[in-house]
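Chain nomenclature is as follows: A, B, C and D, assigned in order of appearance, with residue numbering initiated at 1 for each chain independently.
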Amino acid sequence: MTITARPADRLLDAVRGGAQIYDLGRLLTIGMPQSPNHPPFWLSMPRRHGDMVRADGGSAANDLLVMGTHVGTHVDALAHVSHEGRLHGGADAADAQAGGRFTELGVHTVEPMLRRGVLLDVPAVLGEHCPAGYEITPADLDAAARRQGTPVEPGDVVLIRSGWGRFFGHEDRSVYVGRDSGVPGVSSAGAGWLAERQVHAVGADTIAFECLPPGQGHTSLPAHRILLVEHGIYLIEAMALEELARDEVYEFTFVMIPLPLFGATGSPVRPLAVVSRG
Amino acid sequence: MTITARPADRLLDAVRGGAQIYDLGRLLTIGMPQSPNHPPFWLSMPRRHGDMVRADGGSAANDLLVMGTHVGTHVDALAHVSHEGRLHGGADAADAQAGGRFTELGVHTVEPMLRRGVLLDVPAVLGEHCPAGYEITPADLDAAARRQGTPVEPGDVVLIRSGWGRFFGHEDRSVYVGRDSGVPGVSSAGAGWLAERQVHAVGADTIAFECLPPGQGHTSLPAHRILLVEHGIYLIEAMALEELARDEVYEFTFVMIPLPLFGATGSPVRPLAVVSRG
Amino acid sequence: MTITARPADRLLDAVRGGAQIYDLGRLLTIGMPQSPNHPPFWLSMPRRHGDMVRADGGSAANDLLVMGTHVGTHVDALAHVSHEGRLHGGADAADAQAGGRFTELGVHTVEPMLRRGVLLDVPAVLGEHCPAGYEITPADLDAAARRQGTPVEPGDVVLIRSGWGRFFGHEDRSVYVGRDSGVPGVSSAGAGWLAERQVHAVGADTIAFECLPPGQGHTSLPAHRILLVEHGIYLIEAMALEELARDEVYEFTFVMIPLPLFGATGSPVRPLAVVSRG
Amino acid sequence: MTITARPADRLLDAVRGGAQIYDLGRLLTIGMPQSPNHPPFWLSMPRRHGDMVRADGGSAANDLLVMGTHVGTHVDALAHVSHEGRLHGGADAADAQAGGRFTELGVHTVEPMLRRGVLLDVPAVLGEHCPAGYEITPADLDAAARRQGTPVEPGDVVLIRSGWGRFFGHEDRSVYVGRDSGVPGVSSAGAGWLAERQVHAVGADTIAFECLPPGQGHTSLPAHRILLVEHGIYLIEAMALEELARDEVYEFTFVMIPLPLFGATGSPVRPLAVVSRG
């Protein structure tokens, strides 16, 4: 009798060799900071233990979950954003959404990701956290990749740390959203840099991935257009990147599995960065 | 300049070597079969493209998601089931749920899984799909593991295929739920077999993991008690296992990342089985 | 000092003289019968007593409510139905719903109703409950009004009893919905009869107001078109009319107050029939 | 043939004589001010016109509604508040809520109200709007009733206007909630005054009915205890009382019909004040 049918699976061998998992998803809690454009996260138990006890002594508690798909750490599907009525690939947005769900570009079409991931730690280059409204430039991205020795390659998932994530748990929930102050992030030029490198997906530790200038809210989102609409590159927002930076983990296996919400424009996710141990 | 900071990450090397991903999660659609004990899955777009067009020509669509955490493919947290008022580890269920969420045993405490996975294909042993209400025995599980050459090891995630998953897409949604007919699955003895082997989590292609005898609904769920309450083994339900069986993939890297829904009793998931290519 | 500022308010005098209130709304419960086209009714307590006790000894429980606006007893706003792309008054439906809510014909524009109400008790004329799929004709409506001595007048709210309401609480929830059997109700001709009389609103003890022929579901709804689209007459569905019929109350003050859900296509309601006492 | 079966229904006669209806309910809109303790109001259309057109040319739009039952204008059921573990009448709160709904004191037990209503216009006595955190005293209530010539009688519904309602539509939604500033309203003594008069229900133009001292939030709610728990008097919050005051309508027929949400602690409502015309 053989022990395993596939004795030499490299991936399973690597997993069994030990792996350290970094959790890049925010805990989903009632009242966490979010854009007011989306339904907030709510959770409630219709049934608690003791509400209905079976004859065998067993009892089950369950939940009712309500949320927008763009709250907490989440991924934007290509269906999320259109430009002048067109989605990525040129599809007419009005046609694509007829029926009330996106059969073609909905989040159920986003394949699970098991890819090379790179963290670009911008504050490590700047010598300080990116200030509110700071526009991360191609030069910043180049400098970060060079400092770390982790060039970006086609197909990668690139996570850009601005340091703004430290405000996610701030007592005043409006700080992270930064409506008045603005929020740091890449803008047109930085998005172009990423698109040129043909990355598969990008993420950040901020609510809208890209730079939000002070006081302008979401009136203009050029990086969304460039990445989602023009290049079909997925966006991951509100990530937790502090631990990766602390441990100077700049290259890793990125694992993310969007929920297959049929026809939706996004999904809550809990992305992981995994590195082999030892 | 070095190319990578961690040139020898075994996991990343394996990933780059190519991997085939089997998607074990059901598409989440309005109207899919589910237990009536849980709030059904609903999805709607509060904003569609064109509802609000920005000055820069951009427009975003978004979603409102409502669902129970035990519909579609999902994982049960240890907080889900109690026996005679006690949760796993002996905690008093009434105390644990005070406050309206499970701080200790909620689904946010379920670590992402990146482990050896084993499929036990029971129909392959029986020579036919398990009939309605069929009780999968330790002998069946032993025979399946032996036939495949994949013994179950401590820490594994074990997926038990009954063949009932073929009814998930049945026109009459009550067939999969099997209220009248019953549903195949392990019962006490089979659950004991799994617990003895100290597995980390178990899954099945049915709605309640365990055997539901005809006409009894959920009046008695001994496997839930044995696995969740007595042994702290997670349950994954309503999985899609047909492709794994078709391709005779019995051992794999199992990847599952529950959403960190703070204090909840379960989470929708999209588990993966991954094997190296070539 | 005067006792009241408005000593001769006729309405208040009548109310103080005593009134009997008939509740025409169904109790809203999880699992009640409904059309599968709409999100079902769910209710859960995020906070129960004891979850959070204030220093002063007080504690509050609250709720999370999820529902379609066309489940339970409800009123259809004019925005609910279009015919060949046009709403009542000729508005283009696509334009009217741009923005994701109906500014013009949404349920928030339905004025509270305090009007003469008339019950037309069709089974009292037929000598039996209307059978499944029975089409209530103008002759039936005429006969019912004549038998009762309650002619229908412009501005009235007319409630048509088929007797089908007895199935609302049926153990098998699909009976009331009547997908296979069909459901009794007025069809084109009956709707025309009502429209000619220039009534303000109509209601019935069934799920879709109008006749649903066996096995056809909602494939054709001519009365919806005639009443909502062509004549701007509101529809009230799933009413409880048994007590009115039992007490032979055929004329009454009809009171209904839709929730001002801005831009919605319907609202749950609890309509009343009120008669003076003594 | 008789014209009507009940020729002398006083109420219907009064209604036909003409009535002016004041709408005391706030429009339910996404983003309206509310206490953060409750799930906010959200509304979305799963189906819009054109998403699914029937063969007969008809199309229907529908809604998915999500909300707390204590947002917008709403009524508190007696189940809402407990004091030292007891509900109104002495019931044990833990027992009463077992099962996940209040069979006894839930909002479905609140009878529709068709009663004498009295507005007590406090600013008209004070000569100015009640300032933030102002405590409305028995002397204020007495003075208002005397000024208007509308003594409060047993069974009445008494609406107390503070003038704070002018902030409901304020651009900064936190103003109406008044967490920092406080909110005017009756406190212990004023609640006692109302309870002594054996009123049936009370309402106000504020978010919590009673006085919220600056900076204390909802840490102590004595009027809730006195009215709901000790005297079984319903509370109606976030009412629109400006028009009544403008027109000096101090006595009226009060009409309010809570939704029969089985077992819930509150319900959104759209209360009316009705006066005969001419």
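Here is the rule we use: a contact is a pair of C-beta atoms (placed from the backbone, for glycine too) under 8 Å apart; a residue touches a chain by one contact, two chains touch by 3 or more.
From a predicted model like this one, the values you see are computed outputs, not experimental measurements.
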(request) Return the chain pair with more inter-chain C-beta contacts, choosing between B-D and A-D. (result) A-D
(message) Among C-D, A-C or A-D, where does the B-C interface recur, judging by over half of the contact pairs matching in residue number?
(response) A-D
(message) Using mean CA coordinates as chain centres, what's the gap between subunit A and subunit B in Å?
(response) 23
(request) Averaging only over C-alpha atoms, locate the centres of subunit A and subunit D and give their separation in whole Å. (result) 42
(message) By the touch rule stated above, which residues of subunit D touch at least two different other chains?
(response) 30, 39, 42-48, 50, 64, 66, 100
(message) Building nodes from the protein chains and edges from chain pairs that touch, which of line, ring, star, complete or other describes the result?
(response) complete
(request) Flag every residue of subunit A that touches subunit C in the complex, lowest number first. (result) 30, 42-46, 48, 64, 66
(message) Quick check: in the complex, which residue numbers of subunit A touch subunit D?
(response) 31, 36, 39-40, 42, 44-48, 50-52, 66, 98-100
(request) Under the touch definition given earlier, write down the residues of subunit D that touch subunit C in their complex. (result) 1-6, 9-17, 19, 21, 23, 25-30, 37-39, 43-50, 54-70, 79-85, 87, 93-94, 96-97, 100-102, 108, 111-112, 114-116, 146, 148-151, 218-222, 224-225, 248, 250-253, 255-266, 268-270, 272, 274-276
